[in-house]
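Going in written order, the chains are labelled A, B, C and D, and every chain counts its residues from 1.
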Amino acid sequence: MIVQLKKSISPEHLEDVVNRIESRGYKVTEVNTVEGKYLIGLGKAEIDLREFGHIPGIIDIHRVSDDYKLVSRKWKVKPSVVDLGDGVSIGEGSFTEMAGPCSIESEEQINMSLDHLLENNVKIMRGGVYKPRSSPYSFRGLGIDGLKLWHRLAKAKGIKIISEVMQVSQIEAMYPYVDVFQVGARNTQNFNLLDELGRVDKPVLIKRGISGTVDELLYSAEYVFSAGNEKLILCERGIRTYERSSRNTLDINAIPILKEKSHLPVIADPSHAIGIRRHVPDVALACVMAGADGIIFETHKNPEEAFSDGQQTLDFRESAKLIRAMRETYALRQSFYA
Amino acid sequence: MIVQLKKSISPEHLEDVVNRIESRGYKVTEVNTVEGKYLIGLGKAEIDLREFGHIPGIIDIHRVSDDYKLVSRKWKVKPSVVDLGDGVSIGEGSFTEMAGPCSIESEEQINMSLDHLLENNVKIMRGGVYKPRSSPYSFRGLGIDGLKLWHRLAKAKGIKIISEVMQVSQIEAMYPYVDVFQVGARNTQNFNLLDELGRVDKPVLIKRGISGTVDELLYSAEYVFSAGNEKLILCERGIRTYERSSRNTLDINAIPILKEKSHLPVIADPSHAIGIRRHVPDVALACVMAGADGIIFETHKNPEEAFSDGQQTLDFRESAKLIRAMRETYALRQSFYA
Amino acid sequence: MIVQLKKSISPEHLEDVVNRIESRGYKVTEVNTVEGKYLIGLGKAEIDLREFGHIPGIIDIHRVSDDYKLVSRKWKVKPSVVDLGDGVSIGEGSFTEMAGPCSIESEEQINMSLDHLLENNVKIMRGGVYKPRSSPYSFRGLGIDGLKLWHRLAKAKGIKIISEVMQVSQIEAMYPYVDVFQVGARNTQNFNLLDELGRVDKPVLIKRGISGTVDELLYSAEYVFSAGNEKLILCERGIRTYERSSRNTLDINAIPILKEKSHLPVIADPSHAIGIRRHVPDVALACVMAGADGIIFETHKNPEEAFSDGQQTLDFRESAKLIRAMRETYALRQSFYA
Amino acid sequence: MIVQLKKSISPEHLEDVVNRIESRGYKVTEVNTVEGKYLIGLGKAEIDLREFGHIPGIIDIHRVSDDYKLVSRKWKVKPSVVDLGDGVSIGEGSFTEMAGPCSIESEEQINMSLDHLLENNVKIMRGGVYKPRSSPYSFRGLGIDGLKLWHRLAKAKGIKIISEVMQVSQIEAMYPYVDVFQVGARNTQNFNLLDELGRVDKPVLIKRGISGTVDELLYSAEYVFSAGNEKLILCERGIRTYERSSRNTLDINAIPILKEKSHLPVIADPSHAIGIRRHVPDVALACVMAGADGIIFETHKNPEEAFSDGQQTLDFRESAKLIRAMRETYALRQSFYA
């Protein structure tokens, strides 16, 4: 059960609501976000909503049968839109591109990427400064100094930044320099990290785990939301299967399923899914047609010279062509539902 | 190595070619189809093609590094088109819909399905008369009598038939009544069945195995081709993974990968992949955008009353809407490559 | 519901029982095996067993909540023992080894294998004469002539034969020469083959599918049983997963789970599971300790020269050592449950 | 390449070695643990070891072709033993039990568990005070206070403690109270956590990821070792597959494979693998027979009342029986290799 409250609810009324729900054997969690105030009630007893529905300060009460609550579409039928400021938003009714290199490498590389985005009217640049790597001896990214440089250059050109955060201690350091925190596939169930990101007022994009289920992705989003941050974006990026002809198996089914189960925007990452440069556009366009609210993909001036993931990175010509095709595809899809 | 031969090659010249290849330690298989004549040479030694390339009756010689040969795009760069007669063909340059019920049930049901296809200009009807079922106590289809009835009705309306063959002994019985033999996901590696279908001159659609790899699907097609039948269609229908929110995980990556590895047409089956009626259109459209040459899907006048698979079957209104959307999507995709 | 009947039940009484069950809306299947006679009733209504439990010819009536019935342990709590004649049996209370080469190759190879088994008191020899191969160009086995040769040599030395049957048409040809028909992992859901093996009075060993579930294996056994043959053996042989360091992931959990769900004997195949010769013994012994009733493994005089699967085949010294260790391990396990 | 150094090597000689290796285009990482000093050299050029093998302070030089180095058995053929002090050690030549509840709950529960271990001569108690939970609303453990209480009681009875650490910030707090840090399956690729555990001088047990490969587990161990801590234990706990009859598929193959690839001790966790209480002993014994150096399992005075994982937790009678059986099984296995 979710009880939507006015932020202005009086302490007495709040206590009254909590007491009445707890008296039915429910466990109650209070959630405060920038946008709203909620009580999550977990229990099995039948509750007669009339017993407390009249208390001043209650906006609405929703029964939610899913085990995840706040991210469920059962109580919030209207899709959420995540606002990044400056007229940039993600979700329902618009299509979002996030593009850029796997790793942030140098001032020159950043500038070339920014110019490419500007030319193609892309508002958000992706890039890694902390890189999760299987081997401890691999390149692990430029770190916070790389991020500061990137931020300075991007801000000057009006481009937003999304970048991966790998641990709690990086949140504070990264905070001034990112517009969206990205949680990578190896951290989808790093519950401490999710908890802490719930205490931040910037958007969080959560990638599905390497072998995570759709439900686990929703639970991970519930962690962030229930800790206080409802600016959330889900990302399908392929799952681990027995198939070896591609890097990961993009679960195209997950896109309409996530859109139906949750009110949160859903983005897809074709680059990490198929992992083969020449096939990235086909998969990207398929994701748009399946209902994705946006696509995050890797592009680089010279993919062959990229520090990482060059084999799945588009060059700028391919990237520009894909961006145009995605927009046409999105428009066609919208026309089907007009 | 594939040696393409004229059908008119003299026995002496044929023997000469075979001898020269075998003398290099190669194992040689002769393949005769309705369309052509081939020698497949398997070996590791270097061969100087000039040693026998001049022999009369040789059209061309291709080195093919893939382990599958005849189905590889390494020797036949131009996509194959499978002709069903009466102006119906599958593959490059056109988009094919195959629609119909999971199981053939009755004369009335067949007629309603045929009328629906006619109204929407769909040329091929799908339906099962032999049903592979996990439990021996489940409905196993109407069998050959159902197929004869269906054939009589479909022929009268000019609609082609695709239906699943489950065992060798059914091939001869079904032969007069089907236009395309379908090999189901549980029979993708039924090598005896594939061998026998190689001796037939009607097209064969092979579904990917329940947990089959892309390469295994190509090998299965190689079985049919090397036994003498090159009228082949590949079908992606989802694979078994740990994810439980959908019936199978449609491997969208497989569509561009199969199209690149093989010259054969690639069809997708969204119904069995996602297994959820309301999401079938999103997945179908995604497959079209990923490059599929056609879509096979389940539709029924009253999905709720279908003998099987009702939960993933579209009604005729949904089906008609999907057909229109697929054609628009295909046209948009074609425009990207014009 | 399973109704166990006397074979001598009168036609009138049989009809009476069937009618009474069908009158409750149940679908009834009559099953006749060499050993017994059964009615399988599928339905949802409550039935008062007293209504027909008194009819002469009924031995017992069992409610079975599993979807598979005859293979379930819910009605037959005592483990089944499959008798091969000549004092050789498989199942509860004894441990069975089946050993031999992947492929039957020659008279000399067969004789060396038989001698090795005799020396180690192994009663059953495995070997393939029909080989399912991914590629149509690979060695597909010696066929029926190889089987006849093998049978002649084995019979002379008192060794039983288990060999894979790949299609319906092979059953009759193989019948005089095998003691156990083996259904391979690619044919676990070849329902026509299973149906036909139900009409045979020789034992059938069914391997779990390449990505088959435990339940699907039980359903496949139900096919054979319900078609008339209850001499069944289940075989765990590893499943397909994302892990690449071994050939298949042996599902050790499946052994106790199958033993609990079904009364049928359970055998394990460590050779195909791990696929690495030096590790086969560790996995074999683990399976014994998990409760397997026997082990089927590959051994060859010269594994390096075997026609197939040499990389996972033990030589005779390793084989003899493993046989001794398995027997000691089985004895220890039995002592835990004494 | 791994260069084993004396801790007493002079700065000049160290610099000399590093320079000579780097001059060949290698990247060199210096690793200092409590036990030793190493240089890891990554590169592709051929190096003539005679060029620097004579420099004082070098113990040995090993070529290691694996991508992981320090955890590989290619340079350290002799299995490692992890010493916990007070005569308790893990690895080669001895068998280790770790038992206890899923969650630490209360003083009474801890004491009953400790007494059970004492009675059965088990030296290490497992238990969670920080619990990773899919849902943010589930019980997340007693935290550091629970650990302090547990430590006080366990120390009094001479029992060692293993407990899961979920994030970097917990390491310092937990340090005085644990004997072994456990890294859970959701944190196997939490590289920051692994890095920090490399700076600790207490043993670390790393569980295989939920869908982690054998190689990824070894890489994760390499993280800890290369950051300075070589007291490492690997743990197989089952992987995620499509099979639903058990909680996870225990990869029995992984036990001999890990033992061959690495010199580190390998432990198995049957409780989380099969997840079904009555089958835990069969799987545990199988793991012992496959070569595990120890077993970690869940036991509780009253499994039905446990805060978590009760369905897979043994009661003390079952636990005692299993402990005896594991020791007999281990002894039998040792006899095979005597």
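The rule we apply is simple: a residue touches a chain if its C-beta (ideal position, glycine included) is under 8 Å from a C-beta of that chain, and two chains touch if they have at least 3 such contacts.
Keep in mind it's a predicted model, so treat the numbers as computed, not measured.
Engineer: Going by the contact rule set out at the top, which chains touch both subunit A and subunit D?
Structural biologist: Output, common partners of subunit A and subunit D: B, C.
Engineer: Taking each chain's centre as the mean of its Cα atoms, which chain lies farthest from subunit D?
Structural biologist: B
Engineer: Between subunit A and subunit B, what is the separation of their C-alpha centroids in Å?
Structural biologist: 38
Engineer: Take the average of all CA coordinates in subunit A, do the same for subunit C, and state the distance between these two points in whole angstrom.
Structural biologist: Spacing between the chain centres: roughly 50 Å.
Engineer: Centre to centre, by mean C-alpha position, how many angstrom separate subunit B and subunit C?
Structural biologist: 34
Engineer: What positions in subunit A touch 2 or more of the other chains?
Structural biologist: 211, 215, 240-242, 244 - these are the residues of subunit A that touch more than one other chain.
Engineer: Spell out the part of subunit D that touches subunit B in their complex, as residue ranges.
Structural biologist: Touch list, subunit D to subunit B: 211, 240-242, 244.
Engineer: Quick one: in the complex, what on subunit C touches subunit D?
Structural biologist: For subunit C paired with subunit D, touching residues are 211, 213-215, 238-239, 241-246, 249-257, 260, 273-274, 276, 278-279, 282-283, 285-291, 321, 325, 328-329, 332-333, 336.
Engineer: Which of the residues in subunit B come into contact with subunit C in the complex?
Structural biologist: Interface residues on the subunit B side: 27, 29, 40, 42, 67-68, 132-137, 166-169, 186-187, 189-193, 195, 209-211, 215-216, 219, 222-223, 226-227, 240.
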